[in-house]
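Chain nomenclature is as follows: A, B, C and D, assigned in order of appearance, with residue numbering initiated at 1 for each chain independently.
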Amino acid sequence: MAKMNLLQAINNALITAMEENEKVMVFGEDVGHFGGVFRATSNLQEKFGKGRCFNTPLTEQGIIGFANGLAAQGSSPVAEIQFGDYIFPAFDQIVNETAKWRYRSGGQFSVGTLTIRTPYGGGIAGGHYHSQSPEAYFAHTPGMKIVIPRNPYQAKGLLLASIRDDNPVLFMEPKKLYRASVGEVPEDDYELPIGKAEVIKEGKDITLLAWGAQIEIIEKAAEMAEKDGVSAEIIDLRSILPWDADTVAESVMKTGRLLINHEAPLTGGFASEIAATIQERCFLYLEAPISRVCGLDTPYPLAHEKEYMPDHLKTYEAIKRTLQY
Amino acid sequence: MAKMNLLQAINNALITAMEENEKVMVFGEDVGHFGGVFRATSNLQEKFGKGRCFNTPLTEQGIIGFANGLAAQGSSPVAEIQFGDYIFPAFDQIVNETAKWRYRSGGQFSVGTLTIRTPYGGGIAGGHYHSQSPEAYFAHTPGMKIVIPRNPYQAKGLLLASIRDDNPVLFMEPKKLYRASVGEVPEDDYELPIGKAEVIKEGKDITLLAWGAQIEIIEKAAEMAEKDGVSAEIIDLRSILPWDADTVAESVMKTGRLLINHEAPLTGGFASEIAATIQERCFLYLEAPISRVCGLDTPYPLAHEKEYMPDHLKTYEAIKRTLQY
Amino acid sequence: MHDRNHLANVGMTHEVNVITNGLLDIPMLQMLAEDGTPHKEATLPELDEKTAKDILHAMQYVRVLDERMIGAQRQGRISFYLACTGEEAATTASAAALKPQDMIMSQYREQGALAYRGYTTEQFMNQMFSNEKDPNKGRQMPIHYGDKALNFMTISSPLGTQIPQASGYAYGQKMEGTDAVTICYFGEGAASEGDFHAGLNMAAVLNCPVIFFCRNNGYAISTPASEQFAGDGIASRGIGYGVKTIRVDGNDVMAVYAATQTAREIAVKEQCPVLIEAMTYRLAAHSTSDDPTGYRSREEEEKWRAKDPIARMKAWMTAQGWFDEEANAKVVEKMREDVLNELKRVEKVDVPVIDEIIEDVYDTPPWHLKAQLKELKEHISKYPEHYPKTSGRLNRG
Amino acid sequence: MHDRNHLANVGMTHEVNVITNGLLDIPMLQMLAEDGTPHKEATLPELDEKTAKDILHAMQYVRVLDERMIGAQRQGRISFYLACTGEEAATTASAAALKPQDMIMSQYREQGALAYRGYTTEQFMNQMFSNEKDPNKGRQMPIHYGDKALNFMTISSPLGTQIPQASGYAYGQKMEGTDAVTICYFGEGAASEGDFHAGLNMAAVLNCPVIFFCRNNGYAISTPASEQFAGDGIASRGIGYGVKTIRVDGNDVMAVYAATQTAREIAVKEQCPVLIEAMTYRLAAHSTSDDPTGYRSREEEEKWRAKDPIARMKAWMTAQGWFDEEANAKVVEKMREDVLNELKRVEKVDVPVIDEIIEDVYDTPPWHLKAQLKELKEHISKYPEHYPKTSGRLNRG
């Protein structure tokens, strides 16, 4: 065990994967000698050579196109998109190519070895283009897996699992936590399961569901509600696609109430899918409407970032509303 | 009034708009002399000259980038993306640029005059890449409007409204209906409202909601159910963003049941947003879970297209399940 | 940390020099004149009799296939087809200059390459009829071939996407250190996509052994090359990327073969990309959904029909004593029959069983897909007559 | 329907000619030597005293602004800053060669152009402090300036997106028939994006009067130009698109001014795009989030510091008798004070009222945004101390 922040845990996972398998290659804008603008890939070029860790030209569609080809060839690319906000030029390569590669070839070819890493999310005074949470855009895309860790321990275990998973994985890192989240991380190799939510805390009155950096928000709200005598169950979804509807449904059947929190705008956010599925699965158990506490339906603002964010206070108020329904 | 098919109605709307306003310009791949691969832009180049109706090079990101600039300059571009499946290379220009242009400049600049037309949807033996229904990808994008007509009359009125609306509009045309849907269309100028759903048929037992080509599917299912004595209310959403939650909620408060049908895959499809919103608004009125009859969570297949489609039989069965709940 | 001076190789001028395309003038390699006689100055590549015959065979085969399948589409037997007619030399001779271990990533009009590699009529048919024998499992429209054994990547419709992919594939080959390259085919229209730019630039910077083979056939559906770009074709772009470039007469088997051979040598030896622009013409309609009379003249087509690559190759082979008109006529007749027979046989083969609908989305179907399949099967069994292609075999295997 | 022969201008060869970049050699226009003396062969552009002084003023102003704002960022007064240091000539002299009605679409490092156009210190500050006086309404990070009155399009972070946009903007100008062009600035890194390819190709084919102005400053954050492309800079790409191209010493005011003037003339007269590649160097860190010692040497920086564009311009102006060191020192000192004073004043200005959060998403807020605002205001009024920037003014106006 060692104390690591989230970035260090990712760096550690990359080293573990690259040591184990020489087919793992890490690349993207500034990831080479410099180690990435956040330094997640620090020292990898020194350790593993320029062939396996390198800068690419500044083209996201090229990075993912290249990574698709490299994965189809049999290597295990770990491509970095410098900010989640800049993943959209690669949207076609991801949605039309990565996700459909195996299906369209009847399983003859696949890019299952591909992992795409990208920092996402707000709370860092980044405004429009350094704050977005684009997970829902990808969650409508059969063939992709989407994984989001909430702390260093999760980050290492889930990233290792993502790199080794034989399906393309979009691994989204809450950049707000890069240095802020620090915890014990095993130095050994380990994996955490993809597709499984984690019940962080059991409770009986309401289920609070989130992922990534918003976990600490719902935890804080739960603490506030606890003082009012509310017992909240807290779940980290961890995988957005495929998502663990069983765990969520089971919890909701017990608590009778569900609140989902995410940073992305409300409309068409992934909370909508969860709400739609759970209202169907748990119809007779629900004691109040499923509540969504999300970003506003605006581009991500700067001056009003604090007001925009689905913070613990908004969550706490929504818990109260749900319980009083 | 004249009998027109959906393509003719669109062509007619474009002529109307171009005659009225010389700033309206129509372009895209093959839209010039040839009139587009579906012939929606037939004769426009002859009528209005090469300056106002022209071929572009084969680059969707370029087409929308160019259209963004042209709109910002004050012209009214109507850009065609040849198939909805090929809109993804332009995803960044749409999601990061078109949609955020006005907001990021505090309203100093805008591309509100932009209209993007694209054929979408399946049922034409098009497989993966000539069948997709990508509306949900865009519905998570504040700043965009999304409009889908179901027949020639709607097409002309909604397209004219879209071109003149001072917000960027993604206008999606159900290509399966291009020639199949024929109806009376006024030759005069008229507009239909954006953001308003249309109650096509009143009923009292269940609300059936769809858009585009799926309207005829739910109508067919409703007819079948009628024979079992079920009275279905049928709503065409018409605008996906912003969507008319009031009309839907009002209907559901009356019928107590809601079924949403779309071609796109279930997970993260726009039905999820509707279900999430309506379960909240109509919680105490719902007599059964909101039902979603959608495409499977796979890429769009070819050989199994018939099985994949959310057809009238699947819809009919879902109506029965909902009523028997 | 070495000093990198981005001015190191830049000369200087003191007057405003506006550089225009005039500076560049990329000539086109032609070895056989249109009548099949070699140019005196040309050093023909070594092409043995067997290879020459194999090339001609593949060229003639795809011409036959094109004719037959266009016919089949008109009869409503298949939904869609896309012919290679006029471009047989470009697509066949280039493939012939490769090794079997080289990966082919194509656009969609390269059946010549596939036929040369040995894709059988049955395989062509299985794909086009989307049946259960097709290893691609009938998931894409006709002509989206793909075959792992032949190192021919399954085709994808979105244009240009294979270009950066080919760079990545070749990078992987380089890292493995095998004697293998990737060839990436695309049209001059697809070269307008952003992916073209990304792919060529990345290949150049990352030293990927990939051959970019552009078929400049003058049209992208209805859009003539003159409305596609304003520069000197696609070849002139190679220079901008620092990619070695060859422009070749795409209707000249010898020239295409020589150019591709040279390109492969360079790619392997120098571990770098090479761009080939093959000047040719799409004699066919864009696809069976298209009618070119709306956008080009008969005369133009006739002019190009006279440059038929198959006729040119035959003429040259005749001069070598490698071609016998009569024997060939029989071979071609046999091809026609075979294609027709295979078509008739294969069109009766079933579509894949319904279970396949959820397979290959992931390596193994997750819970939600299993649930969706279960529901679908129950539904089909309720309305078997509405799903005739699959209802008969709901219990697989 | 005219006959379009895509071979019309193609010459022929009979040997395999591999074209390499060697063919092209695009020289760099320099008019003033590094010490400020004009080259004998150079015909200097007509630059009157006032314009020369305005250019120098703007250059010095942004240098001062850069220093001060980097300081302010270190003190935690603003969150982010991005300096133009070293590239003042490229960004200022180019803007000086334009007319006020020309649209500027920039990347983010072009404060020289903005200062030249007359953007005031107050305006710079309002944007950087995201306050209610900023017409951009504080929605983006510092340095994302934009001003309708100055024809300076609000900056957007995603790189390269403005390139095809500029083509479209210029097309609109052409259709209106006014004497106006668009200038589009971008870095050599951004030129790797697919949007670059799309934008240049479309401008060439559609004859858009746009000046593409590439600042090749050797780096994209940590990535040196040598890992960005393998060709002869960005200029060599222009040829591939059939776009007239000029390469210029970006640290030479005279050369940049002359090149841009020529480019504008061509763009207007011939209604076509022109590409300028300005060779320069990013003397500053990429931004305040960056530390270049991790990826480049002090010596390299020093070499470029010696090519300071401001010093060169001063030397030339001194020779013209247009520059007085002492008077200038006072002007610069005054600039420093002004910037600091304005900074102190503006940092106290409020952020926009909370109602603004839903405005400008659409022309008018739809129902759902109104509902979200209402809920948000109710919430803020419940916890005013948690939203101190907006809770004090919940009832606007």
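The rule is short, and it goes like this: a residue touches a chain if its C-beta (ideal position, glycine included) is under 8 Å from a C-beta of that chain, and two chains touch if they have at least 3 such contacts.
Values in this document were obtained by computation on a predicted structure and should not be read as measured data.
**Student:** If you count the C-beta pairs in contact for each pair of chains, which pair comes out on top?
**Tutor:** C-D
**Student:** Compare the CA centroid of chain B with every other chain's and tell me the farthest one.
**Tutor:** Following the centroid criterion, the farthest chain would be D.
**Student:** Can you compute the centre-to-centre distance for chain B and chain C, using the mean CA position of each chain? Integer Å is fine.
**Tutor:** 35
**Student:** Suppose each chain is reduced to the average of its Cα coordinates; what separation in Å results between chain A and chain C?
**Tutor:** Here the centre of chain C sits 38 Å away from the centre of chain A.
**Student:** Using the touch definition from the top, which residues of chain C touch two or more other chains?
**Tutor:** Those would be 1, 137-140, 144, 156, 158, 192-195, 197-198, 201, 205, 227-229, 295, 361, 368.
**Student:** Chain B: which residues touch two or more other chains?
**Tutor:** 33, 54, 57, 59, 61-62, 85, 88-89, 92, 96, 100, 103-104, 128-129, 142-143, 267, 296-299
**Student:** Looking at the complex, which residues from chain D come into contact with chain B?
**Tutor:** Residues of chain D touching chain B: 1, 103, 105, 134-140, 144, 146-148, 153-154, 156, 158, 161-173, 175, 182, 194-195, 197-199, 201-202, 205-206, 359-363, 366-368.
**Student:** With touch defined as at the start, can you tell me which chain B residues reach chain A in the complex?
**Tutor:** Going by the criterion above, the answer is residues 61, 85, 88-89, 91-92, 95-96, 99-100, 103-104, 128-129, 136-137, 139-143, 241, 264-265, 267-273, 275-277, 279-281, 283, 286, 288-292, 296-299, 325.
**Student:** Please output the residues of chain B touching chain C within their complex, sorted ascending.
**Tutor:** 29-30, 32-35, 37, 54-55, 57-62, 85-86, 88-89, 125-130, 266-267, 296-299, 301-304, 306-308, 311, 313-314, 317
**Student:** What residues on chain D touch chain A, complex-wise?
**Tutor:** It is residues 79-80, 130-131, 137-141, 144, 156-159, 189-190, 192-195, 220-223, 227-229, 289-290, 294-295, 351-352, 354, 356-358, 361, 368-369, 372, 376, 379-380, 382-383, 386-387, 389-390 of chain D that touch chain A.
**Student:** Quick one: in the complex, what on chain B touches chain D?
**Tutor:** 25, 33, 51-52, 54, 56-57, 59, 61-62, 64-75, 77, 89, 92-93, 96-97, 100-110, 112, 142-143, 145, 166-167, 195, 242, 245-246
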